[in-house]
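Here come two complexes built around subunit A, the first alongside subunit B, the second alongside subunit C.
Up next is the complex of A and B:
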């Protein structure tokens, strides 16, 4: 049985200055930065672009040192799945260590991280519409 | 115009080992698997939604992929954006003064491809690709 992955949901580009890296991608590649936010809890600075179904997430620390050279790297990826509980159970049955699904930053979504066995790629799975969206009427 | 994420490249020690996760555990379909002699790599493309994951196993020690593996270990290596016209993308990048690796497009696993120098994007290696009609540059 497969995990029911539908697409790459997002690719994370980690850096010491997410705003500068996002702007460079916008300038060089013509992609549009659609959203910026501070991640709740960690205060990481995030910026997002989207090409069809895949989100590029530019992640950086809360504080930027303007004297430091901007450095970035491709960090990890997240696949969208239809049923995260089933996907987690499936991978665990195959011997992979997978964290329990937790509430994601994205409204209504749950996310679970695969720990090891991914060829060095920080890897997670996300299911949208897995939780009621707070503040939304029933 | 860049239309979507064509693939993300992941450098691995052994593509067969890596496929235990990406093909066997995740259930992704292999759409191409071949050795690209002039680049000294075995490339495996696995389909996920409208994009792909490309596993890259070096077949020689004197290549960029082999050096990446030796210095950084396994992990995400590059991101490839699809375009209808890779020549136009390359010309546009050149006109912006972006440092290039390839001065003209060449045939690769994803079709006609070219790479921008990672210095241009704060260390992130970016590829442009225009798939060829018979698929994956075969």
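Up next is the complex of A and C:
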């Protein structure tokens, strides 16, 4: 089988100032920044825009040096899959090193990172509706 | 100006055929045989693999000069460019230039934004028919 990817879920643009980069994209391209958050655990500053089915994620460090030139790069991508446990097992059977699926910042989602074998593309997989959503009624 | 969707993500690879084989065999994607090939003007070979409503574009430099060759020399392989579909490319270019961004003139519905105008990110604008 393959990994069962349905679409590119999000594309990550990494920088030393995610807020400034997101604002440049908003100002220059008319993209609406829908959400900003601090990533639990790492305190990374994140901003998100959605272009149809693909989320643009602007990621940066917790602290920004205002005197530093803002530098960004297209980093990697996350593919949405139907069954992340099956996808991880499939890639591992092909010799890939894949992290165990863990709870993602997206409610109810699990994410796993693929390490290597992707033509230099930092690459992860995400499955939505993989976990009960906290606070949601049954 | 209206941005519609992510058209494709450009990925620079050392060996196009090997990359396509890897992504087909291991990830289950299929190359779109109707697109891609040699693009002499850009010094590249490319191929597209649809993933949902967007594509992965795999790009191999076949010339010693140009942005793809430069990227390959400096970084080897990896994510190279983000292509964004816009409704009206002329309006998009005008808007960007109005903000001070450096943007090439549209050619066959495609315009390239200078990475310097996007904090180092290579951006392409495309208008589909």
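Convention: the second predicted complex is superposed on the first by the 138 of 138 C-alpha atoms of A that agree within 3 Å, B and C clash if a C-alpha of one lies under 4 Å from a C-alpha of the other, contacts with A are read in each partner's own complex, and residues count from 1 in each chain.
To be clear about the criterion, a residue touches a chain if its C-beta (ideal position, glycine included) is under 8 Å from a C-beta of that chain, and two chains touch if they have at least 3 such contacts.
This structure is a prediction, so every number in the text was calculated from the model and none was measured.
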Which holds for A:96: it touches subunit B only (first), subunit C only (second), both, or neither? both
Which holds for A:71: it touches subunit B only (first), subunit C only (second), both, or neither? both
Which residues would you name on subunit A as touching subunit B in one complex and subunit C in the other? 1-3, 5-8, 11, 13, 15, 20-21, 24-25, 27-31, 51-54, 56, 70-77, 79-80, 91, 94, 96, 117-121
Would you mind writing out the residues of subunit A in touch with subunit C in their complex? 1-8, 11, 13, 15, 20-21, 24-25, 27-31, 51-54, 56, 70-77, 79-80, 91, 94, 96, 117-122
Where on subunit B is subunit A touching in the complex? 1-5, 8, 10-12, 17-18, 20-22, 24-28, 48-51, 53, 55, 73-79, 81, 93, 96, 98, 116, 120-126
Interface with subunit A, subunit C side, in the complex: residues 1-6, 9, 11-13, 19, 22-23, 25-29, 51-54, 58, 75-82, 84, 92, 95-96, 99, 101, 117-122
Using the touch definition up top, name the residues of subunit A that touch subunit B in the complex. 1-3, 5-8, 11, 13, 15, 20-21, 24-25, 27-31, 51-54, 56, 70-77, 79-80, 91, 94, 96, 117-121
